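First subunit A sits with subunit B, and in the next complex the same chain sits with subunit C.
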Partner chain A sequence: MTNTENHTVIIGAGHNGLICAAYLAKAGKKVTVLEAGEQVGGAAITREFAPDFKVSAAAHLVFLLDKHVRKELSLDSSGLSFSQRNMKTTALAADGHHLTIAGSSLQGLNISDKDRVAMKEYLRFMGKFAGVVNRLNNRIPPRVGTHNRSDWIGLAKTALNVRLLGKKDMREFLRIAGINIYDVLQENFENPLLKGALSMDGVLGTNLGPRSNNSVFCALQRLSGLQGMATPKGGMGAVSATLADVASRHGATIRTSAEVSQILLDGDHVSGIELADGEQIAASTVISSADPKTTFFELLGARNLEAGFARRVQNIRMRGNVAKLHLALDGIPEFKGLDQERLADRILIAPDIEYVERAFNQSKYGDYSIKPVAEITIPSLKDDSLAPTGQHVLSAIVQYAPYQLKAGWDSEKDVFTEKLIDLISEYAPDIRSQILHKELLTPVDIEREFRITGGHWHHGELAIDQSLMLRPVPRAAQYASPVDGLYLCGAGSHPGGGVMGSAGRNAARAVLGAKDSEDGNA
Partner chain B sequence: MRTYPTSECNAESTTNGEPVSMKKYDAIVIGAGHNGLTNAAYLAKAGLDVLMVEKNTYVGGATASRELHKNWIYSNASYVSSLLRPEVFRSLELAKYGLQIVPYAGGNVTMSEDGDYIGSYVDPDVSRRDMARISPRDANAKVRFDRDLMRQCRFIRQFLLRTAPDPTSFKPRDLMGMLQMGKALMDLGEDVIYDMMRLYTMSISEYLDEYFEHPLIKAAKAGSGIIGSAMGVMSPGTAYVLLHHAMGDVDGTMGAWGFARGGTGAIAVAMKDCFEDHGGTLETGSGVEQILVNNGKVTGVALENGNEYQADIVVSNMTLPRTFLECMDKKDLDPEFLRRVRNFKIRGSSGKVNMALDGLPKFTALEGNPELISGDLHVVDSIERLELAYDDWKNGTWSKDPYLDILIPTLTDPTMAPPGKHFMSVFVQYVPPKVNGKDWTDAQRDQFGQTVMNQIEKYAPGFKDLVLHAEIRTPRELENEIGLTEGNIFQGELTMDQLLFNRPIPGYAQYRGPAKGLYMCGSSNHPGGGIMAAPGANAAREILRDIRKPNTVPEGWLDD
Partner chain C sequence: MSQTSRQNTIERVDFSHKSHYLTKAFKSPFYSRQEPLNHLKEWGRWADYLSPAAYTCSAMEYFACRNTCTVFDLTPMTKYHISGTDALPYLNRLVTRDVSKIKPGRVGYSVWCADDGQVVDDGTIFHISEGVYRLCSQERHLDWLMTNTIGFDVSLHEETHDVAALALQGPTSCATLKRMGLEDIENMKMFDIRHFPFEGTQLMVSRTGFTGDLGYELWIDPNHAEALWDRLFEAGQLHGIKPMGDEALQMLRVEAGFIQAGHDFMPAHATVRSGYTRSPFELGLGWLVDFKKPVFNGRKALLSEKENGHRYNLVKLDIDGNKPGCDSYVFTKNKKQIGTVTSAAWSPSAKASIALASVEAPHGEPGEELLVEIYYQKELKWSRVMAKARVVKDVFWNPPRKRMTPPDDY
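Let's look at the complex of A and B:
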């Protein structure tokens, strides 16, 4: 093992790992990124799921990407481009009278003036509150209960941001931030389809139903990118490829097919890592973008942790409840009542809020939804690199599909796949005859393919008790772990999942010695 | 099938045709529930001329005890006591007025369908040994669990007898209040603060998962997270409700529960005697028709029996919606305020079955352990069963496999039934305010009663033959008799949007209503429901402050 002072190793070339690497390399650090898979990107990849059909294998929409990352790493001038921006949302109705949401404008049948006015107001206050969350996302979370000046400044800044909402909005923020999207939508809207569609913001990717508290918080997290939804040209892998280019250009080394099996210690300090093939790489700093359970239990070993800390890590909730469906289609699918232009929207199957809640019910007891909800995109309509001419790919996030399925995914995977196709067929009756290939990624598959414990693609449930200075656990929430030289930079850390990159950026800042919670505006 | 009379609803008129009175009082308190009585007693004690009006012919509201079956006294709605603030107990000298709280010997027991049980005893070591019988690992975790929960209880107790500071205000008093809270938080230390943030936002089932593994032990602990709440054990936010049931005490023994001797009504009667002893006037038998407002100032109340009384201060112990949507003229209120009141979450989720028993039921699981029968009895054995009960409520029906909190107070307080006979109080979760969106019918109410009795019969064969009389209360009865909107026992859900400075409505959390001289003292206000008497006391303190009278109300924390 060669002795390399000041060598930094980053475990995992997901988008957060790559962003962290780019920042550190840019700051002059010697950085090596080690990726177990054959390509970079982690869960932000494009891959072929059937001959000549490519799809964003996990996340399929960009809406959270940190504006600092985008600017500071010059992503737009480095080749990142989008096939669609500011996508509209279309919520499907069984009778074909769909609802389209474009910003605050609503198109569809039977939308009352009251709802139109309410929609503007809803987006106004939710946008404002999401702004508070956005500012928090770009900072290293302060600790609470310490006497450190930097922590106090961080807390004071947050308090100030909340104060600056103004008395009326501050009261509303403090009232709704901890509750559920069901109540908030019931207070504001009457149209069932609209409530169903908006409730999805609070529950997508989570173990929550619309009536579960925390769902407003999740909706605010989702809106905190303060940007429209977009699909990257070439799929999500294009984002990762751009990030890898930027990191390399700044001097970072990226190695794929290099699976880290162990984090090495010298006394209380990390000394490097060992790869699965036995190769050891020395490093004074190791930054893991793997999920916290993998990092602390698989790579480091619980024996190297204090018992109370290990128990907190053990208690992190990260049971995936989301599956991903990919269909290769021989032609453009026809949805009842939906014209071609709307087909390229983000399409939701969530006809009303009670339906969404009922879909959630079964997952509480270890069953998949009898009537699932779905977020569908057909990215190939605007991006011909994904499918052969005239053919298309459909990518759908479907829930609920619990990781610990009582009946076991081995026997149920095909049954659930058919159920999902039946569900889509209710709205697109002929789709079944167009299907050339199909693929379903259950949480178990997601765990295996993307190496995420529990198959939870946020690397841990997004909930208030697992956020900010509590994410992933206290004592590791400022990206530094209790082990000297070991840091976290993945979605398991604040502010969590989605193709956001803030965790990678914040971690790099922590490694570079930023202690306070500056905005860090470039 | 037997049919059961509900209750004698025909209130006797106490007006006796007297002429409409126009006497002016210093203050009028509407509703003689325990908070109204507490409030009125403090105001009278401070020297005010106070009139208290109550729609029923008896006092107590949800804290009443009545004889509905000859020689049996029922605690009709509430049934146990622990949250009653000791400072109120002492400063109103309730002992002098005859109130005795007797802790019950058994703690609680949870019985499973297969005949097993887990008991909790007054002696923590005995509890731990019983837990070790079914899970040694959980028995060890219990020490940690109790310690962590107790820390949180000790923290929150400081703020019960205090007005919640308004975080949006720059008034010195609010800033001081926020500082005090901040200081108390800091004193807990970093890790306990994190634990607190988590406890307040998690679900009870996930919170328990962090400590325990045995399903029966988790089920036994989880019930406290849903009592009176329209949430399921898996709903984030229910862990806090657990705290609400653990922060009380009996005679300084924290977490202990007891019976008021003679039924919970004894608490209300002692408060009433205290109030009258300080010169207060009580008029029962007529509800309030309207709270009178002129030029943004209250002027008095008009009763349903035609009487009108004047006062510059009117205090409502009624729920928030009842006060503003039913007893006030809409034109006296701001539309935005009214919208907030309409959006106040006050969903009924519980019912009650009170029964006169011919003898003591025999629970199969308790054959070897008879002393456990004198505590809370639960019949549930998994988190999933509790959550399924909630799904029924969401679907608009009462739970087919309900969560029950069963007590036989006569084992501890024999004054409530004839010798050898017993009174059984069964609290039931979940019961919706409407059945499938429609009002309850009497037939449905009786079916609901049967569901509960059948549930008990499964665990105590022969139980149904002992039932001599039953009073079945759905949210409909709770609303009609006691005035609890939708039958919510806490006068509003205990969720983050309705706690502390958010309770009942942001900007109105300091007991003052939207008109000058109008105050609110019910459980709709901070710190919420249970026989705590804190909202009533806190409101009295605010009133005395506004009229610059010496404060007679204890504040903060006299214990520990």
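Let's look at the complex of A and C:
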């Protein structure tokens, strides 16, 4: 091992790993990022899934990217650009009378005035509440039960945030934050398409149905970016490439095809890492952007943890229930009743809220949805770098597809793929004849390709009991782990997943401030 | 990356054949022998077993133990069987002491903590044969022990009901076992384990106990329990053997300075209120904490406690007068309340009122003079005395024969 006293190793070049690296390098640290895959980006990558067809392999929309990260790392002047911004959402109806949501304005047939008014009010209070969540997201969560001054201030600030909503809104916030989105939407809206579409905010990427607790919380997390949805030019990989550029420019070293197999210890302190090929790299600080189970069990080893902590890690809920469908299309698909412009926006198959809940039902018992829900984008309509001229790629997040499928994904993957194409065909009847290539990533594939335990995109269910000072688990929720010198910076930490980057930024701040804190991690 | 690999096998205890929901309490495999001897018919409950509080007279049973020998049924003691490739690293992460120093055929006393360094329980680790261990404790810990298997290749099962056990304690215990035919028993050292053939099965003997005197513990298949009892009493007849219940044991263990869960500390996992538990340092068990070994449950918290100081001291008190200081407050000479008595007894052997007490640090240095507020009743009239007490260093009963090998032949 080389002698590198103040060397920081970051495991994984996902967006959080890269952001953390950029901040630390900027602060003058000697940083090496080690990525197991052939390209940087983790689950924020663009890759070829068929010859000449490229797609954002996991996440495909940007809407949460931390504005501090964007500003502090000057992403916009570093080459990050978008092919689409402020995307509208169209909820497909079987009869072709779709509903389009553009901000608070609703377009479509049979939309009542009541719904139009309710929509404005809904966005007002949800936006306001999401602001509370947003302010919590870019802070290191305070700890409870300590005598540390900064913890008390953090807790007081959290309470103050909520109190500043005003009496009426605070009461409403406290009423709905923990409940389910089904109830909230039923209270406010009439139109089934609208309720279906809005319910997706609460369940996309999660293991929840609209009637599950925490679905309002997830919707607030989703809205907390307080920005419109966008697709990066060149796909999600462009975000990661920009981040890697920025990190490199600040002096970080990034190595791909460097799979970390073990975190090395010297007594109570990390001493470095070992790569799968046996190479050892010394480091005084190791920061993992891998999910907490991978970090603590696979890389560190549960036996190097205290048992109560290991139990908490084991109990993190992180079973993926989401699949990703990629289609290479020979031509522009034709959706009944959908014009070209809206086709390039965000399209949902979630025709009503009961439909969404029913889709979730089967997954509870280990089956995939008979009638799945989907979030579809066709990014190649506005970005010609993704497919040959005249041809297109369709990228769809589809649920529900449980990680632990009763029948097993080996035999069911092709069946489910066909089911999904059938589903889309209900709205775009000729699409099957246009398909040149197809790819489905089940949670098992996602686990393998992106090295995420359980294939859960958020590295752990987004839920109140797995948030803030409880994410991923107490004693690791301030990014420092119980092992000296080992930190977390991935989506498994506060505030969670989505291409947000706050976890990476917060972790860097925790690492930089670690010496100032009054009593380390209690 | 797959789910955490859990190769360990955990056998769950099947209580169904015990029909405990019908009987409300288990009967020990020695019950048929205990029952006629239990003249008082006073049965206590210990971990769901019927356990005699006293057979005839607790004072007589106490004196039998200090002068001849007594038999105490410790079958209800919680016992776990731990084996497998990772048995040693598993135990080393579980408890605070270095288990690798407990060689095969030896027993070690230890204490184990939760992550926050607070004591879950204390007990004994029997290294029965290479890599095969038995963990004995007063409280039940299956949940915690299962939690501890995450990441270890170990086999863990509870064997509380599968092993019958007797403690034979007192000066004539060695002679009794010798007469029973256990060859070379006199050369067993303290904390040794040996196996002897016994009527077609194996009898395990350890030189351990909870009385602070010469003594042994006998472990056997419950199907041979009655035969063991009979042979023991037959052999011990001339050595003054007597059955003994829990009341006498309490006096004996306080004299010996042994602490007990639920009396002298609250087991961490059974404690709801924050700050009501104790660390090993606060129980005088700092010598069991080995920081030289890597991670173990509580290590970080205990390191910090070692650096920043602990809150309490567990002390032995020699109290003036003859009133046992049960449940009393402890004060400084200036009447500042600093703690409570956790266990107390009149010690017939030391001829003193003795106690274990938990006092706020830094109080509790040997030689410190304290006051114990004792309430007592005389013919229904309550009185109170602020009895003077001294913190003492040594336990109240520690005869040389406890560790002498071979012990004197009585």
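By definition in this document, the second predicted complex is superposed on the first by the 513 of 522 C-alpha atoms of A that agree within 3 Å, B and C clash if a C-alpha of one lies under 4 Å from a C-alpha of the other, contacts with A are read in each partner's own complex, and residues count from 1 in each chain.
Everything below uses one rule, namely that a residue touches a chain if its C-beta (ideal position, glycine included) is under 8 Å from a C-beta of that chain, and two chains touch if they have at least 3 such contacts.
Just so we're clear, the structure is a prediction, and the values are computed from it rather than from any experiment.
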item: Which of subunit B and subunit C A:E172 touches, first, second, both or neither; value: first
item: Subunit B versus subunit C as contact partner of A:M469, first or second or both or neither; value: first
item: Residue contacts on subunit A - larger count, subunit B or subunit C; value: B
item: Partner chain(s) touched by A:L194 [first = subunit B, second = subunit C, both, neither]; value: neither
item: Partner chain in contact with A:G301 - subunit B first, subunit C second, else both or neither; value: second
item: Shared subunit A surface residues [contacts with subunit B and with subunit C]; value: 145, 311
item: Complex contacts: residues of subunit C adjacent to subunit A; value: 1, 3-4, 86, 89, 93-94, 114-116, 144, 147-148, 150-152, 274, 294-300
item: Interface residues, subunit A side, partner subunit C - complex; value: 145, 265, 267-268, 293-294, 297-298, 301-311, 314, 447, 451-454, 475, 482
item: Contacting residues of subunit A [partner subunit B, same complex]; value: 143-146, 163, 167, 170-172, 174-179, 183, 187, 208, 211-214, 311, 315, 317, 357, 361, 364-365, 463-465, 469-470, 474
item: Subunit A-facing residues of subunit B, complex; value: 167-168, 185-186, 188-194, 197-198, 201-202, 206, 209-210, 231, 234-237, 343, 345, 384, 387-388, 391, 394, 495-497, 501-502, 506-507
